[in-house]
Every structure is written in C-alpha cells, then in structure tokens.
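In what follows, subunit A forms one complex with subunit B and a second complex with subunit C.
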Partner chain A sequence: MRAVLLAKNQISVLLEALLQGHEVFAPVNDGGLIVFRQVDSPQQVVLGYHNSTLPPKRLFFPQTETVFCYGLEGAQLALEEPQPASGEKVLFGVRPCDARSFTLLDRVFAGGNHCDGCYLARRENYTVVGLSCTRPRATCFCSAVGGGPFSTAGSDVLVTDLGTDYFIEAVTDKGAVLVESLSGCREADEDSIRRRTEAQAAAEATLRGAISAEDMKRRLQEMWDDPLWDRLHEKCIGCGVCTYLCPTCHCFDIVDEGSEQRGRRLKIWDSCMFPLFTLHASGHNPRPTGKERWRQRLMHKFRYWTESHGEVGCVGCGRCVVNCPVNLDIRQVLNEIESLTKKVE
Partner chain B sequence: MTDLSQAVRDAARRLLSDGLVDVVIGFEAGTLPLRSSPCFVRHAGEVERLVWNMSCENNLAKYLPRCSERVGVIAKGCDTRSIVGLLGEGRIERERVHIVGVPCQGMLDRRRIEGELAGREALDMQEGKGEVILHGDGFEIALEKERYLHASCRACRFRNPVIYDTLIGDPVAEGVAADEYAAVREFEAMPRGERWRFFEAQASKCIRCYACRNACPLCYCTECFAASTEPRWLNPSTDATDALVFQIMRVMHTAGRCVDCGACERACPVGLDLRLLTKKVEKDVEELFHYKAGLDVHERMPLSTFSPDDPGDFIR
Partner chain C sequence: MMIAKNPYLPAPMRIEKVTVETEDRSIKTFDLSFIRKEDEQAFRYLPGQFAQLSVFGKGEAPFGIASSPTRSGLLQFTVSRAGLLTRALHQMEQGDLVGVRGPLGSSFPLQDMESRDLLVIGGGFAFTTLRSLINYVLERENRGRFGKLTVVYGARTPGMLLYKGELEQWRQRDDLELHVTVDAADGGWKGRIGVVPNAVSDVAPAADDTYAVVCGPPAMTRYTLPVLERLRFPPERVVLSLEMKMKCGIGMCGRCNIGSSYVCRDGPVFTLAELRRLPPEY
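Let's look at the complex of A and B:
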C-alpha cells in the first residue's frame, strides 16, 4: 500500500483539507481530559497525547443510544426509529490499541448472526486514522495481548511520528483512497521507511511479556472454583471504572425512559461490576458478590472471548490499570493466575 | 522502607499471631509509582507485604461494613473519623474491629504531580525528607511534598487518629487550614446562572461509573437509590440532568456524615470537582447544627435526630 511523508509543521494544512470533505473526530484536551470530539479547526487537535482518558468506542457504541421513541396520540401509537448516521467521517489520531478494539467490537455488533444496523452504519461512515505509539507507557501491554504499538488492526491509515515528519501509510482500500486525496505530501523514500521500521522496533522493545490466549483460556477453564477468586476481588470496590474506560467492554442494558404517553427506549452501557447487572426480577442474584463479578470480568476477557473468537477481549491500553481507584492491576492478576497454575502443572 | 512501614508490620504481626484478629487490612506496594494498594493480610508470615507511605490514599473504613471477620485496620485520621461514623450508624461492631491508628502527614495527589511532568512518565517514586523524588526516562524531579498533597489533606484538621486501639508513630502537628471552606464561599458568591453552568459542565463529564459512590466509606446500602428500578428515582442515562440528580442525591446522603476524606474525588476518573459539593453540605451542617462528623461515637448525628430547638428557618 502507498505510503507518504508529511512535514510535521504541515499537519494543520492536512487536517484543514480533511475538514473540507469530512466530519473530523480527533483527540482534544477538555480541561485536562483527552477525549475524542468532532473538531472544526486543526488547532483543537492534540496529537502529542499518550492515550485518551475515555476510549473512542463511544463514537460507535454510544453510552446512551435511543433505540426508538414512542408517543401515544389518542389510541394511536407512534414509533420513531432514529435514522442511521450518515456522512463521511474521519476518526483521526487513534492509538493502535483503541483502533484494534474496533475489530473486537465488530465481532459483537457486526459479526455472526446478529448485526446492529446503527453500529454498522457508524462504523462504515468512518475512516480510521491510527497514530502509532513511538513511546508506549509503562502501563501499556498491547503486545502482550496480541496487538502492538504499531499495530494496524482496525486502522485504515496509520500515521507515525518520525520526529520531523509524519509517515502516513494506507492500510486498507478505504485508507488508500484517503491517502490518495492528501495534498502537501511527498512519496515515502527508503530512508523514511527505514526510520519507520526502526521506530517500530524501538517501541516494541519497550514492551515485555506475552499472554498466550490459548494457555490463559485453558488455565481459566480449570479455575472456576479456585480459592483465588475469594481473595482476588477483596480490594475491589465494585465501581464501573474498569469497564466504562475499557475500549472492548460492550455490555449494555435496555431501559425505557418516560411515561405511558411518551418516552424512549434506550440502549445503555452496563457493567458486570454492578450487582444490578445480573439481578433477577425474583430478587435472586447469580453473581451476588464481588467474587463472582470479578471472576466474570476476567473470564469474559481471557476465556470466553478466546473460546468464541480465538483471541482475548483485551487490547492492553492500560486504562483500567491507571484509573482503578484501588490499583487492582489486571496485569498482576494475570501473572498470578499464570504462576498459580504453573505451580500446579 | 520507612519506620512507619516497620511499625505497621509489627502491629499487624502481633494482632495476627496473638489471634486478636482474623485479617489485617492495610496497604501494600502498588504497581505504579505514587500508588499503594489496599491489601488483606491473614497470616503473620505475610505482614512483610504491608507498607506505609504517602500514597496510602484509600479510605480503608470502606471495607469494614462488609467484612464479617475480626478485623485489624490500619487507619489514618480520616479513616478513623469514618470508622466513628460507621460505629455511630451501627454498621460495624466496636469489638470486632481493632483500630491501628497512624498519624498522617497527608497523601500525595498523583494527578497534580503528573501535571508537573508535562507528559513525561514517572517510573519510580521515592520519598525524601520533605520532598518526593520522581525518576523517569532521562529525568529526575524533586517536588516539595507539602505542595502536592490532595486538596482534602491540605484542608484536613484531623491528621491524628481520633479513635484507636493501638497507635503507632508519633502524633503529628495538626494542619491549620486557613479556611477549609474558602472554595465553597467563593462558589456561593457566584451568580446563580454561573453556578448552574458549572453544575452542567460537571454533570456532562460524569460517566456514571459510580466510583465516587463506591469509594465512599459512607455508601454501604445494599441497594443504592441509583440502582433502584422499583421505584426508579432517576434515569440511568448520561443526560446531564440525570448525572446531576445522581450527584445531588449522593451528596445529600452524606450530609452530616461526610468527613472530607476525599475518596470520592480521588476515585473519579474524569476529574469532577466533587469535594466542592460535599464541602458545601459539610459547611451547611457545621453552620446550622454546629456539628463536625466523625469525632464522637456517642454524639447523635444532627440529621438522624430531632430537637425542638433545631434551626428551622430554612424550611419554608
């Protein structure tokens, strides 16, 4: 695929040009938080960021989404479904872990027998421009879970900061069209290709460890009743930080808002960390304590995902590691599971 | 390792080997610089895990109501005030809890420290005398501890445990916060419209993860009003109105109970200014009832008791 170079000081020209034909969503600094928003000027875009506070998944899988609105006019029921989103959009500057998370979300919402039309429409409208990580953080573990700081999974175009230039490479046909349309770029030469390869090697060298999806799946299959679960969750306070900041968590609830006369049905994020998530109408809760809830979260990501899709449901972005109010670090938990089961073996 | 870490370990070892408690809740080294993590120690042989430093920021009283064992808890000033509250509310039995009080110097605000690093990443943190030294890839920076304490710690006037069975370390000089309600007063003086805009901006950031609620030692209800579906007190969406109603109701529930430990604000992943709300309620209770929460187990809480001479002029 084609690769071009853009002098870094020309980035606003490039973004300006993109803004002419697309709605552009990019990382912005909102009072200290890095979030993905629609931008109307290149000056709003922050590209020197580590990773966004909130993952960009909400652009495809909004926290609150109207399924339909209803209204009763006399005896007549009127239903109104939202129109699927339209318009060419560019999601610019997504880190490779988050871009890869889109491929995982696709399996849930746009794969198999069930397809969420609104999700799919949103996905198809976007061209995803990834931004490789030349300096991964100590909390990053993308390469341990099958990704990498230069992973192209989920990106249509990958942009790499080479110091003075951006190396812009098409990954998909959709990305090739976008790269083709860029002005102010020159063809990537051999020197820049070499520098890009070196940058990738240097970034990858900072990340260590690997979790074998198959091994972890097997270990967890044997661990349903392990005493480990009794103490693992002890420090967990049961909030939704890990799940709501996770780029791959995708569980949702369906709730109605309004009155008998009018209202709306919503699809809304839910979290397996909340007791209400599994509370039955009878009052019975099959996951009554943090123990069962924590086990579910880990099993879902590192066992069920592998069983269903052949890869783990974690992209190693590290948000749960950084933001957990009690520093319950999933990397440590995975290490512990590994060492525990190794002892048994 | 600090002397206090050793003292915490010694106290925990004694409690466990003398069979006085089944578990000691304290802190272990975290996985990130500037982080310690709550830990549960059940065997005297494991006490080496315990540490004490300026990143032991969680309020461990949180774990007591749900714990059915005999517990030893390592508690700083605010933790002990929360324990007083929980005892007063009948959530924990005094004889089941052995309080190991630790005088506190204040805890470090890692977000503010990260703010000083201008995007660089601290990989290691060491506490020196009066300063904290951070190392990263190609840099070292020393910051004056006192200036990087959590806002709640800077406002704190109860650094020494108010209740304990064992006290370790030497008592510290109490903080003399110039005016702990300065920010509230400033906020109260703002025009109504401006205050509303502030609320709206705050609420629109809220992602309803409930970290604030779950980190709060006072939130122990089996079913939270926010999770109730029958009746449904508020909608679960992220509309700013719902988020605001949630925060207002949450904060009102802490009236006359909040000890300003700051746990809610520290837990919030999107940096909401939650202490402004709790501090406002705390100030109102102090002015109306001359009551400061978490100081006396036997004192009845103003909002769960009634006296004919209670001020009533705010009820119209």
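Let's look at the complex of A and C:
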C-alpha cells in the first residue's frame, strides 16, 4: 500500500482539506479530558496525547441510542425507526488499541446471524485514521493481548510521528483512497521507512511480551472454582468504571422512556459489574456477589472471547488500570493466573 | 445469513383473549393475533422457542411461546405476575396492543426426537413451552412421527395447575399417558399427590429409546435429574430449557451467558450433555 510523508507543521493544512469533504472526528481537550468529538477547525485537534480518557467506541456504539419511537393511539401503533447514519466521516488520530477494538465490536454487532444495522451503517461511514504509539504509557499492554503500538487492525490509514514528519500509510483500500486525496505530501523514501521501522521496534521494546490467548483460555477453563475468585473481588467496590471506559465492553440494557402512549425504546450501556445486570424478576441471581461478577468480567475477556472468536476481548489500552479507584490491576491478575497455574503444572 | 436491519423492532399484536389460569390469579394466558399479515408470515417458530414481549412504556421481557405452531395466526404466552412489566401486562385487556419480537433461541430437538418415545416432565408455570411441544406432537399430521408420549406435570396445589381444560382433553386421549400430581391436595382432588421426581420414578418409560424433556422450577429439576440418571437416560437425551435475564435476545447485550454460550442464542433449550460442558452458573 502507498505511504507518504507530511511535514508536521503541515498537519493543519491536511486537516483543513479533510474538513472540506468529510465530517471529522478527532481527539480534543475538554477541560483536561481527552475525548473524540466532531471538530470544525484543525486547532481543536490534539495529537500529542497518550490515549484518550474515553475510548472512541461511542461513535459506533453510543452510550444511549434510540432504537425506535412508539406512539399508540386507539387501535393504531406507530413505530418510527431512526434513520441510519449517512455522510462521509473520518475518525482521525485513534490509537491502535482503540482501532483494534472496533474489529472486536464488529464480531459482536455484525459478526453473527443477527446484525445491528444502525451499528453497521455507522461503521461503514467512517474512514479510521490510526495514530501509532511511539511512546506507550506504563499502563499499556497491547502487545500482551494480540495488538501492538503500531498495529494496523481496525485502521484504514496509519499515521506515525517521526519527529519532523508524519509517516502516513494506507492500510485498506478505503484508506488508500484517502491517502491518494491528500495534498502537500511527498512519497515516503527509504530513510523514512527505516525510521518508521526503528520507531516501531523502540516502542515495542517498552512493552511486555505476548500472553498466549489459547494458553490463558486453557488455564481459565481449569479455574472455575479456584480460591483466587474469593479473594480478587474483595476490594472491588462495583463502580463499573472498568467497563464504562473499556473499548471492547459491549453489554447494554434496553429500556423504555415515556408513557404507555408515547415514548422511545433505548439501548443504554450496562455493566456486568452491577448486581441488577443478571437479577431475575423471581429474585434469583446467577451472579449474586462480586465474586461471580469479577469472575465473569475476567472469564469473558480472556476465556469466553477466545472460545467464541479465537482472540481475547481485551486490547490492552490500560484504562481500567489507570482509572480503577481501588487499584485493581488486570495485568497483575493475569500474572497471578499464570503463576498459579504454573505451580500446579 | 446476515440481516442488516434494526433487530429491535417488534411486530404489533392485539390481545384477543386473556385467560386467568390459576386460582391465585397470578398467572394469565394471553392470546395474541398479528396486526400485519407480513409479520404473521415471517413468524415461523417451533416448540421451545421464545419471544420478547413488549409492553410499551414498560419495556420488553422474554417468554416461552405456549402455543403450538400448528395453530396458525395465534400466539399464546402464559405469564406469571412477577415484576414491573408482567404487572402492567396483567392489567391489559382484550383489544390492547403489545409488541412481539421473535421467534428467538433454539427449539426442542424435534428432528432427533422423531420416532422415539417422549417423556415430558413439567412443574409449575414452566410448563408453557412443554404444552407447545405436547400440542405439536398431538397434531394429527405429526402424531405418527413420534412414539409413545408420557407427560408428568405437577403443581403445588390443584388450583395452581395451568391449562386445566386442555389437561382434561388430554386425559380422554389414548395416544398420550398423562400423570398430573400436586404437592398438596385440597378436598376435591382425586389425583396423584406427591412431588414430580417421585412421579417420574413411578411412571417413566424405559430409557432405551426415549427423550426426556424437563422444564420446571430449579428444585424440581435438581431432584428430577438424578431420577433420570438412575433410570439410565443418557445426558444426550435429557433436554432442559433454561431461564435467564435477557434484553436483546440475539447474543449482543451480554447478560444471559453461561460460559461462552448465550442462553438467548444458543439456548434456551440445551441437552444435559451440553449443560455439563458449561460452567454451573445459572
């Protein structure tokens, strides 16, 4: 695929040009939080960030989404569907972990016998421009879970900061069309390709090695009744921030808002860390305590995902590590599982 | 095949009839008819499957389909008053509109059950999809394809039995062996007294070429499965239907999983052999 170079001081020109033909969504600084928003000028875009506070997942899987509006009048029921998203959009400057999360969400919402048409329409309208991580954070562990700081999964274009230039490479055909349309760029030369390779090696060297998904799955298959679960959840306060900030968590609730006559049905993010999540109307709850809920979250990402899709349901962004109010660190839990099962062997 | 559309749109349906099933009035059967012909034609289901029932303003909840697909144009749901939505539904009347989304989930393994004897074991209000199965098998065009049909059905008291009129009709038939039992009898009860597992132990046919289908409250299931094991029913021919809190019904919302199986998509019907391969979290 084609690769080009853009002088870093020309990035505003590039963004300005993108804004002419597309709606552009990019990281912005909102009172100290880095979030993805639609931008209308290049000055709003922040590219020197580690990772966004909130993952861009919500652009495809909104926190709250109307699935239909209803109106009942006498013997007539009117159901009104939301119009699927339209218009060419560019999601600019997504970190590779988050870009990879889109490919995982695709499996859930568009990968089986059923498909969420609204989700799919949103996905298809976007061209995703990834931004490789030349300086991963201490809490990043993408390379442990099948990704990497320069992973192209989920991106149509990958941009790498080479200090004075941006190295811009097309990953997909859709990305190639976008790269073709860029002006002010020059063809990537051998020197820039070498520098990009070196930057990747340097970034990867700061991260831990891969955990085998198959291996972790097998360990967890033997650990259903392990005493680890009795202990792990003890300091968890069940706030659910790990799931709300997770780029791959896809659980949601469906609720009605309105009266018997008029209202709308909503799809709203939910969390497996909440007791009501699995509570039956009868009062029975298959996951009644933090123990079962914590086991579910870990098993879902590192066992069930692998059983269903052949890869883990975690992209190693580290948000749950950074933001957990009681410092429950999923990396330490994975290490502990590895050491526990090694002892048994 | 992948269908890219809005999977959450229910079909509008009209309540044609409401039947109070139990003496405590906590369980009612709702007869629903489709408003639109195309919805009726698209709704092809088999016994064991469920659907999401909408009460607008309250939301949606999953219920096993109690009618048999052999009765076209009619859907029946037998609903116990338990939460917000079922409380609202119980107040609805003939002519009111609801929504139905489905059919969802797996059916009883009818193909494999054909030419074998069937032992249907039900307890309490979980009898609904079993009733669908029994009526399906009893239908003239289907009856010859199945072997002997034995039904064991139990409730706490005679007044808590569902489908009393139908039970009476089944009792008259010679192609079905019906055993109804109650935990505690009242004055007028002339039938069997005792819990379902004991009745199964007494009346079960030989396990050689028989499918056992079990739906009931957890305690009934827990004590019935060892009886079936003692009678040498292989776990591949013991079928159960599970209940779980559900929202989407299509394997996306993430709450009804047992291990990597979603009850809404991979179930609700499982064989005991399949369940034993899953974590015990239900």
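Observations, loosely collected:
As a working rule, the second predicted complex is superposed on the first by the 342 of 345 C-alpha atoms of A that agree within 3 Å, B and C clash if a C-alpha of one lies under 4 Å from a C-alpha of the other, contacts with A are read in each partner's own complex, and residues count from 1 in each chain.
The rule is simple: contacts are C-beta pairs under 8 Å (C-beta built on N, C-alpha and C of every residue); 3 or more make two chains touch, one makes a residue touch a chain.
Given the structure is predicted, the values throughout are model-derived calculations rather than measurements.
By the document's definition of touching, of the two partners only subunit B reaches A:Asn327; subunit C does not. Of the two partner chains placed by the overlay, subunit B and subunit C both lie in contact with A:Asp253. More residues of subunit A are touched by C (comparison of subunit B with subunit C).
Judged by the touch definition given at the top, the superposed model places A:Cys239 against subunit B, while subunit C stays out of reach. Residues 253, 255 of subunit A are contacted both by subunit B in one complex and by subunit C in the other. On the subunit C side of its complex with subunit A, the touching residues are 1-10, 12, 14, 35, 54-61, 82-83, 86, 95, 97, 99, 218, 243-245, 247-248, 250-260, 265, 279-282.
Considering their complex, residues 30-33, 48, 50, 53-54, 63-64, 137-139, 231, 234-235, 237-241, 243-245, 253, 255, 257, 266, 268, 271, 274-276, 321-323, 325-329, 331-332 of subunit A touch subunit B. Within the complex formed with subunit A, the subunit B residues making contact are 30-32, 35-40, 58, 62-63, 115, 119, 121, 123, 205, 207-211, 213-215, 223, 227, 229, 235-239, 263, 266-267, 269-271. Contacts from subunit A toward subunit C in the complex involve residues 67-68, 70, 72, 75, 77, 79, 81, 108-110, 112-118, 120, 224, 250-256, 258-261, 263, 265, 267, 270, 272, 277-282, 284, 286-287, 292, 296, 299-300, 303-305, 307-308.
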